[in-house]
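Paired with subunit B in one complex and with subunit C in the other, subunit A is shared by the two complexes that follow.
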Partner chain A sequence: MSSDALRLSGVSKAYGRVRALENMSFNVAEGRFFVLFGPSSVGKTTTLRTIAGLVPPDQGRVEIFGKDWTHEPIKGRGVSMVFQSFALYPHLSVFENFAYPLREEGIVSEEIKRRVMETATMLKLAHKVDRKPGTLSGGEQQRVALGRSLVRRPKILLLDEPLTNLDAKLRHDMRAELKRLHRQFGLTIVYATPDELEALSMGEEIAVMRDGAVVQRGTPDELYENPADTYVAGKIGAPHMNMIAAKVSKDGKSIDTPLGKFSGKQNLKTASGEKALMGIRPSDIELAGNSKSAIKSRVHLLEPLGDVTVVSVESGGETLRLVLPESKAQGLKPGDHTGITFDTNKIHIFRASSGQAIA
Partner chain B sequence: MANSTSILEWLGFRKASGVTEAGWGHTLLVGIVSFIYFLPVLFIIFTAIKPQDLALSVPPTISPTSLFGLIPDQYVFTPTLENFGSVFSRVMTPGGSPEATGFDRFFFFFIFISSVSVLLALVIGTFAAYGFSRYPLKGNDTYLFIILTTRMLPAIVIVIPVILMFRVTGLSGSYLGITLLYTAFNLAFTIWMMKSFFDELSTDVEDAARIDGSSEAKVFLKICLPQVVAGLAATFVFGLILTWNEFLFALLLSNADTRTVPVAMNQAVSSGGRGTDWTLLASIETLFLIPVFLVTFFLQNHLLRGVTFGTVKR
Partner chain C sequence: MNTAVRDLPAPAMFEFDASNWKLAILAGLAISILAALALPASLSFWVIGAMAAMIAAVFAINAYRRKYYGGLLVAPAIAVLFVMNIFPLLWSLGLSFFAYQSNQQTIRFIGLNNYIKVLTNDIAAPANWDALINTGMFVVSTVAAQMIAGFLLAMLFAKQFPLRKYLLILVLTPMMLSVVASGVFFTYYYDPTFGILSYAIGEVTGEQFILMDNKLGAVTGIVFADAWMWSPFVMLLVLAGLVSVPKYLYEAAAIDRVSKWRQFWTITFPYIRGLLMLALLFRTIEAFKLYDLVYILIRGGQDTKTIAYLIAEIANEQNKTSEGAALSYVILFMVIVLTNLYLYLANRRNQGA
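The block that comes next holds the complex of A and B.
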């Protein structure tokens, strides 16, 4: 697999007694937009810092384009990084911020000027190159941080929650901007984020992290369709997957829930008689009026979100959420009785003991 | 709320709302307080330019001008620069001719000693502070505490061992000795001040420089140091003021040729057996104020400026 831009194998790192990374392994193909997704303090930043060489790992290997860089110095990796705090050089102008990495590479000043202005123009900062970072808006500072990383044409770009410090509108614009830059340069990007929307909308491949290790990796669709366990199921998809306590029948052919007996596409033989959880996505549940096959339920709460409405219903003692197009939710009131239904092929079944999905 | 006018607002106190120009009420209040603070300095300067016989006159003369008839004539004195002349040369023995007092030399050497010791402490202390801040040792806080003890204990406690050490090393009465002593004193204070400035810096910025290819030396020189320029200026000024005002050690460790200005000042006004010459003292003090005043004046922008300029979102 020589086409891997980056490969981490068995990387562990502890800060004192706090274990930041535990046997972390993943590889990123060249040119891929790779997202590390997980809540804060899960080890995303430590992973990026290990790749950049700022943090020496206690164990494991870091390979960049096939070369072992684990204990090599930072310089020469061809890796650049955008920090969550932007980390601009506050005493230098925008021009000098851009020029800094080029000067460190010993590039001649005409070439520096050309490349800085080219990058500044691309990021619409050409008219602000004489300003100090402190006088720029948040979005502009973000673009300076990005520009400083791009100007030296890195082989791998690391982005550590780069949009966290921006307001909602800017965040949306920057998501599109980053995708465009990725396409334009064909860069390998490793992007850390706790934001599910960012992960799903930008990542070509996502690694879901938990306690310093990768729990599951795949395309956004794979993670959405086939979450490996309840953790991933709970993290990917909004509103979150409905989880219903259940039990696999003795014969292993169906699953008993307070809503009824269901059998999906899973092979439940290995879990017969075990306690389990049945998961169903809110968008996979539909209203079924009063048809006989429908599951009886009562409307509990309505949350209109513009074009869709999140409806909470109670059925068999469980609360379920479903996402309905606004047109279908019209006329529903809390307290209404209504039937719901779902395609049993869409259900997910997890072992109650380990949380692992049953395929 | 917006339409009601309180008494304070009517008096010219504008409500604080972000960075707005203050109302005239605030300005006046600050002006009065500032004047009260400045009054002793003004008193010294006026005394320095009074004729000698009016220094202790009753009623006191308080102004060199009548302010267009505002101040009655009996409170007004005619300003003179004669006292400044006698700082450098005056009649030392009754009936004798004017002699040089050596104050030109005292001033020159004291400015030299103070600047060198403060700058030396700043250079060494900044390196040390960066080390303490970025590469903490085991027991970092203990070392910092020990460094501070020289400034924490009353000077009188330290003075005896210092005198003994100076006697043994033969540094007593030399400018070199005083310079080294002041450097040592300033170091403690410099290390603590500069460490707090370095602690304030975002380490992300330094990591960014490392990723951009900088060595540790360059991170310090090109990234960290320029960000603490305001801190360097502030530390320099405070160190200079501390050194400039030091009296006890200079008194005990200098001799007749190597006096610092505060010591020489003391000797000048108390010698001669004619009681205290107040106008002479005031003149020396006025000259004594000038160097520190100038340094503070030219560095005031740095003293006021924030340290990190708000480029790092926290």
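The block that comes next holds the complex of A and C.
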């Protein structure tokens, strides 16, 4: 319990009539790279701001290293934050931006200089310390924002969509850079992002958020393999999981779909006759030529993406997407008839009414 | 596109054409010089005026024929500016080199004598210098009062509080009132017999209080009235700067645990510095021209005559037109030097920052 760097329990926050957080709870182990993942306006930023102390929660507790900080001022939390907008001080040089958090602590100026230059060098900004933030490129501004929050050696670093304002290539570089910094400093990081790729590639642990609360948390693999409901299934993995309307069969062990009858790897936790959804990942479907066991389908659309091709096929009135290696998709044309097959162990079954996984 | 439209060739130098502006200038100048030399002043004035109008008309025809519509569109504005501003300015500059009184018919060229008189004459100069010192004192005190009050008001109105919108309108009203109207208000406030100020202080001290019966009181009264009118102007400018500061900077500073004092100097102040300089510039130029309140509140009594007051007195009441013009140009020169100094300092700071 005490190894948790951060612990939120039952935190709620409303802005007027808009409920931003509803009974939000999670804990982050020390040194963990923790990702808050969800679309915009789901409460990620409010969560970070609550942790930082910028917003007092209406209800609930915020504990940092076992101490209750819910209604304490910002000072002393040992938390620093990188804003989506970077929030660099436009009239101060890069050096002064870095030194800003240190000046208040009464550190002697040689020590400030040493620490600033050390951080600047690490972020490859040493030759730009005299420049104003406005004269730097987006990536450099991002590194200044990062450096400013690292220079005071926080125990917890909050990152609010830090890569959203960067172009695609820089994002890729910065993802690697952030992972490296995390390893190097052993920091506890809470990282908010709406980007699935960022969440999966960087997060050691991911909390998927919806309507101001955590829907499911786990490692990237856990979320990918066992999504708790259709919401998580739809958010994690690209292209998104195929969802096919289904009905639980009389024996309660399998489901009837337009593609046929399937049974999952476990027994279904439901009554027979109930409406359900069958989910199957595009990468789990394969072409099966004209073999007898295959499900008949017709190619509908091809989207070549270089090394893979996304193939949309129609079968039994449902549209399914497949991700095929480029070599296997060669020769396919829209209108072709082809068989498809998938491992029934890979299917996910959800209750249609609530979206909860039932197998 | 425009070059294709302007296909009409320019007329030759001496071609007699309604759009030949070169010839018009030449002819206008020649006739003006001849008229100035040959005719009496009262006639040559009108001849020269007619020549100026002729040249302007030729320019307009030229612009119309060759489709310089941009020039044509600004022409009325330039004409008004010339007739109402530039011509009187140059005319009064010319007058300042003559001995001329508006109630007399004679006019005589005397070179720099007017300037020498207003600056060094034993009788005229001391009054001018006193008035100039008064103006300097009013500039410093009114501008300081406005800047401080305006800045504090802006800091107040940058925050959100109930009824803020309505109070803001209320605070801005003095700026929109006519100076004469608010001057009259203040004569009532300061009135020794029934003014609220004298009444309130009289209630406490038991003696009659007359604000305007000494110089300090009179100056205080004028400075207060001026600050009351123009602080909202400074407030508006500063407020525009304050609301342009992104809120996230303060949040970042809060997370960086920076004190409010340092937040103000490193985040807020850079955003309003330029606007403060602008307010200072505008208000200083205006303060140099302070006349209305001095006239309405005390008629220049208690040694409160400003230089603008004195100029009006010399030029309009004593009819010493050319002497007033000379004094005006001395003041104009001072204001230009001072404002350029401001702008130079402001620019240097901006480049340094």
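Convention: the second predicted complex is superposed on the first by the 357 of 359 C-alpha atoms of A that agree within 3 Å, B and C clash if a C-alpha of one lies under 4 Å from a C-alpha of the other, contacts with A are read in each partner's own complex, and residues count from 1 in each chain.
Keep in mind that, in the parts below, a residue touches a chain if its C-beta (ideal position, glycine included) is under 8 Å from a C-beta of that chain, and two chains touch if they have at least 3 such contacts.
This one's a predicted model, so the numbers in the text were calculated from it and none came from an experiment.
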Task: Sticking to the clash and touch definitions up top, decide whether subunit B and subunit C on subunit A clash or fit.
output: clash
- prompt: Given the touch rule stated above, what does A:Pro133 touch, subunit B (first), subunit C (second), both, or neither?
  reply: first
Message: Contact-wise, after the overlay, does A:Asn165 reach subunit B, subunit C, both or neither (first, second, both, neither)?
response: first
- request: Kindly classify A:Asp251 by the partners it touches after superposition: subunit B alone (first), subunit C alone (second), both, or neither?
  value: neither
Message: One more residue to check, A:Gln141. First (subunit B), second (subunit C), both or neither?
response: first
- prompt: Which parts of subunit A are touched by subunit B and by subunit C alike?
  reply: 49, 52-54, 74-75, 79-81, 83, 85, 87, 89-92, 100-101, 104-105, 148, 152
- line: The answer for subunit B against subunit A in the complex is residues 202, 204-205, 207-214, 218, 223, 226-227, 229, 308-314
- prompt: Where on subunit C is subunit A touching in the complex?
  reply: 246, 248-249, 251-259, 262, 266-267, 270-271, 353
Statement: subunit C partner, complex, touching residues on subunit A are 49, 52-54, 74-75, 79-81, 83, 85, 87, 89-92, 96, 100-101, 103-105, 148-149, 152
Query: Across the complex, what residues on subunit A touch subunit B?
result: 49, 52-54, 74-75, 79-81, 83-92, 100-101, 104-105, 132-134, 138, 141, 148, 152, 165
